[in-house]
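We just call them A, B, C, D, E, F, G, H, I, J, K, L, M and N in the order they show up, numbering each chain from 1.
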Amino acid sequence: MDSMTLIALISITIAGLTTGFGTMAPALAEGRAVATALSALAQQPDASATITRTLFVGLAMIESTAIYCFVVSMILLFANPFWNYALALAAGR
Amino acid sequence: MDSMTLIALISITIAGLTTGFGTMAPALAEGRAVATALSALAQQPDASATITRTLFVGLAMIESTAIYCFVVSMILLFANPFWNYALALAAGR
Amino acid sequence: MDSMTLIALISITIAGLTTGFGTMAPALAEGRAVATALSALAQQPDASATITRTLFVGLAMIESTAIYCFVVSMILLFANPFWNYALALAAGR
Amino acid sequence: MDSMTLIALISITIAGLTTGFGTMAPALAEGRAVATALSALAQQPDASATITRTLFVGLAMIESTAIYCFVVSMILLFANPFWNYALALAAGR
Amino acid sequence: MDSMTLIALISITIAGLTTGFGTMAPALAEGRAVATALSALAQQPDASATITRTLFVGLAMIESTAIYCFVVSMILLFANPFWNYALALAAGR
Amino acid sequence: MDSMTLIALISITIAGLTTGFGTMAPALAEGRAVATALSALAQQPDASATITRTLFVGLAMIESTAIYCFVVSMILLFANPFWNYALALAAGR
Amino acid sequence: MDSMTLIALISITIAGLTTGFGTMAPALAEGRAVATALSALAQQPDASATITRTLFVGLAMIESTAIYCFVVSMILLFANPFWNYALALAAGR
Amino acid sequence: MDSMTLIALISITIAGLTTGFGTMAPALAEGRAVATALSALAQQPDASATITRTLFVGLAMIESTAIYCFVVSMILLFANPFWNYALALAAGR
Amino acid sequence: MDSMTLIALISITIAGLTTGFGTMAPALAEGRAVATALSALAQQPDASATITRTLFVGLAMIESTAIYCFVVSMILLFANPFWNYALALAAGR
Amino acid sequence: MDSMTLIALISITIAGLTTGFGTMAPALAEGRAVATALSALAQQPDASATITRTLFVGLAMIESTAIYCFVVSMILLFANPFWNYALALAAGR
Amino acid sequence: MDSMTLIALISITIAGLTTGFGTMAPALAEGRAVATALSALAQQPDASATITRTLFVGLAMIESTAIYCFVVSMILLFANPFWNYALALAAGR
Amino acid sequence: MDSMTLIALISITIAGLTTGFGTMAPALAEGRAVATALSALAQQPDASATITRTLFVGLAMIESTAIYCFVVSMILLFANPFWNYALALAAGR
Amino acid sequence: MDSMTLIALISITIAGLTTGFGTMAPALAEGRAVATALSALAQQPDASATITRTLFVGLAMIESTAIYCFVVSMILLFANPFWNYALALAAGR
Amino acid sequence: MDSMTLIALISITIAGLTTGFGTMAPALAEGRAVATALSALAQQPDASATITRTLFVGLAMIESTAIYCFVVSMILLFANPFWNYALALAAGR
């Protein structure tokens, strides 16, 4: 196995794992936030405006951690600095 | 084992694992959200419009993390940059 | 072991694992949703129409994540791009 | 070990594991649904028709995920495309 | 180790594991259902007919997943297609 | 190591594990059922006949999964088809 | 390592593990049943006869799964069919 | 490493593990039973005779599973049939 | 494998894992904080200003730990001191 | 490595692990029993004699399982039959 | 692999893991503290000054453990004594 | 590696692990006991004498299991019989 | 790999792990203590002086265990006796 | 690798792990004790003297287990008997 194959293998593996596992916690956290929002709405329907607004700000905050993971995956697949270096090395060889 | 076989093996493996494990948390989170929505409906039937609307927005948000995983799997199976590079290399050889 | 055997082995393994593990969370989530629906029905029988409708929409949503896994398994077994490439390579050899 | 033996070994292994582990979550989910149905019946005997109907629809939904796993196992044991290809290859050799 | 020994080893292993682990969840689920039925009986003795009937239907449903596992084990021990193929191969050799 | 030794080793291992682990869940489930029965008796002593009858039916149901495991262990120790085949092979050699 | 040593090693290992792990769940289940019985006695001292009788039947039921494990261990240590076959083979050699 | 050393090593290992892990669950179960007994005594001091008697019967029952493990350990250390066979073999050699 | 490839492999792996796992806990913690905020809003709508302000300060605090992880990943991918040393060494060679 | 060294290594390892892990559960169980005793004393100070007596009997019972582990460790360190056999063998050699 | 590469590899790995895992617990703890603060605010809005002040002191305390981890990571990446020694050794060579 | 080094390595390892892990459960159990004692004191300040006395007896009992572990560690470090035997052997050689 | 490299590698690894994992429990414990302090403040604002003082003493106590870990890490990185011995050995060589 | 290096490696590893993991449980236990003390203070401010005194005795007791671990670590780093023996051996060589 030459170096380029190895870098490709690791990049694929880590890209998949980072997205696959890194989106677990945000999904669970969003489920919890949504669930509590629904309970809160049932308990205090008059405050629905405040509750919904706070919910959406919170979901955006939580979603941001999922997006960090997705960004790292995309960097590894399409803008991998080590892969680019290896490509340049291979082209110059 | 040559490089192409290895990349194919890893791509298959990671595509399956990313979807198989990455959809676990969204499913659980959606189950929780739906369950709470049903409790909320039973507790406050009059607010069913607000509850249902908030539920669907929340489910879409959670489903988005599952779709990230599915997208990564599909990229690995059908638009894999490393596989394409290896194909180009093999064709040019 | 030649490349085709390896790809076949991995495809079988991942197809089974993706379905076997990927359907766990949807099943648990559906169990939770159904259980809460039954509690809600017992608590508020008059809202049975709304509860049942919301339950079915939710179950469809959750089932969709199980179907993603099943789809990936079926792709790996019957429409595997890497296997097709290997077959074409073997046929052209 | 030749290729056919390997494919047979993996197919047996994955068929067993997929069924053995994949039916865990449905069983637990069904247990939960049945348990809640019994509580609901004890709490609201008059709504037994609605509760029982919703329970059976839910059990069918949950059982479907167990059946996905069983289907994959049966495909691997009796309609395995990779095994069929290997048989054809062996016959044509 | 020749192929037949390997297939025999794997078949024994998977048959045992599938039954050993696959019956865990049904047992726990049945325990939960029975426990809730007993609580329900203590709470609402008048509804014992409905409760008992629903319990038995539910137990049958849960037992079905245990039986899937047992069926796969028996297939692997006594009607294993790969073993039969190997036997035929050995007989024809 | 010849084939017979290997089959013996695996059979011993799997027979022990199947019984050792497979009886865990039934034991826990029976403990749960018995515990709930005792609570129910303390809560509603008048319904002791119904409770006891339902308990025994449920225990039998749960015990059945433990017995599946014990049966598989006994088959592996005393009626192992692969061992019998190997014995026949050794006798005929 | 000859075959007899291997069979002895595996038999010792599995005999210990089966008893060591297989008695865990029964012990926990019995602890739970006894604990609930004591609570029930404190709550309803008049029903002590029924409670004690049901407790002992339940403990016997749970103990049976521990005894399955102990029986398998004793079979492996003192009536191991594979060991007996090996002894006969060694004696006849 | 000759056979006798191996049997000695495995016997020591399994004897320790069986006792070390096998006494965990009984200890926890006894802790639970004693704890509930103390709660029950605080709640119903008049029933102390019945409670104490039931507690001791239950503790004896639970202790029995710990003793199974201790017995297996002692058998492995001081009455190991495989070790005795090896000793006889070594003496006769 | 030469040193540069190894450093690239490890950097990719750790960058992915640090982000993938390190954002789990912040996501869960934010989900919990948002959920409690929603409950608090439903319980005391008059204090929404204080609650929202405290929530945002807390979310920023929690997000900071996620950002530590993201920073370490970015350092490993784009400002890795060991990689730079290796590059300098390779350039000077 | 000769046999005596191996037996010494395993004996040290197992002696430590058996005590280290085997005293976990008794410690936790005693903590639970003591905690409940304190709650019971706070709830019913008049029954302190009965509670304290039952507590001490229970603690002795639980401590017995910790002592089984300690005894096995001491046997392995200071009265190890396999070590003694090896010593005798070495002395007689 | 020479020594410098190895030290670089380990430093990268440990720097990532220390930050990735070491910030988990602080994040969770801060989430819990913030959540309780929000509940406390909803329950007792008049004490908001004391609650907020105590919360910030506590968050600073908890954040300090996350900063220990970040400090160790930074030391390993940019002020690693073993790397510096190796550099000096390489320069002097 | 000669025998003495091996015995030293294992002794260090096991001494550390036995203390490191073996003191976990006592610490947790003591934490639980102390916590309950404080609750009990808050609930029934008049019974502080009995509560404190029972607490200290219980803590001594729990601490004893931690001391078993510490004793085994000290024996392994400073009075190791196998190490002493090896020293004697080395001295006599 | 020579001895010095190995000692450096292990020191880096253990320094990171000790800090990374050893600060987990203190962080969680502090989170719990702070959370309870906030609840206590909301429940009894008049006792804020006593509560705050006890909280800070407790936090200092808990922080001390985190500092033990940090101290061990710093010793391993900057005052490692084995590294110093190796340095002296290398200097004297 | 010679013996001294090995002993140094293991001593470093175990010293770190013993402190890193062994202080987890005390930290958690102290967190629990402090948390309960704060609750108790909020519930019964008049008994603050008794509560604080009992808390400090308990914390000292729990801290003692953390100190056992720290002592073992320090012994391994600075007063290691096996290291001293090896040093003496090396000096006398």
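To be clear about the criterion, a residue touches a chain if its C-beta (ideal position, glycine included) is under 8 Å from a C-beta of that chain, and two chains touch if they have at least 3 such contacts.
Not measured: the values here are computed from a predicted model.
J.: Could you give the separation in Å between the centres of subunit J and subunit L, each centre being the mean of its C-alpha atoms?
T.: Whole-Å distance between the two chain centres: 11.
J.: When the centre of a chain is set as the mean of its C-alpha atoms, what distance in Å lies between subunit A and subunit H?
T.: 49
J.: Measure off the straight-line distance from the CA centroid of subunit H to the CA centroid of subunit K, and report it in whole Å.
T.: That gives a centre separation of 44 Å.
J.: Where in subunit B do residues touch at least two different other chains?
T.: Where subunit B meets two or more other chains at a single residue, that happens at 11, 15, 17, 19, 21, 24-26, 28, 30-33, 35-37, 39, 41, 43, 55, 59, 66, 73.
J.: Quick one: do these chains touch in a line, a ring, a star, all-to-all (complete), or other?
T.: Per interface graph, the chains form a ring.
J.: Round the ring starting with subunit B, subunit C following: which chains, in what order?
T.: B, C, D, E, F, G, H, J, L, N, M, K, I, A
J.: If you look only at subunit L, which of its residues touch subunit J in the complex?
T.: Answer in residue numbers: 3, 6-7, 10-11, 14-15, 17-19, 21-22, 24-26, 28-33, 35-37, 39-41, 43-44, 46-47, 50-51, 54-55, 58-59, 61-62, 64-66, 68-69, 72-73, 75-76, 80-82, 85-86.
J.: Considering the complex alone, what residue numbers of subunit F touch subunit G?
T.: Listed in rising order, the residues of subunit F that touch subunit G are 1-2, 4-5, 8-9, 11-13, 15-17, 19-21, 23-28, 30-39, 41-43, 45, 48, 52, 55, 59, 63, 66, 70, 73, 77-78, 83.
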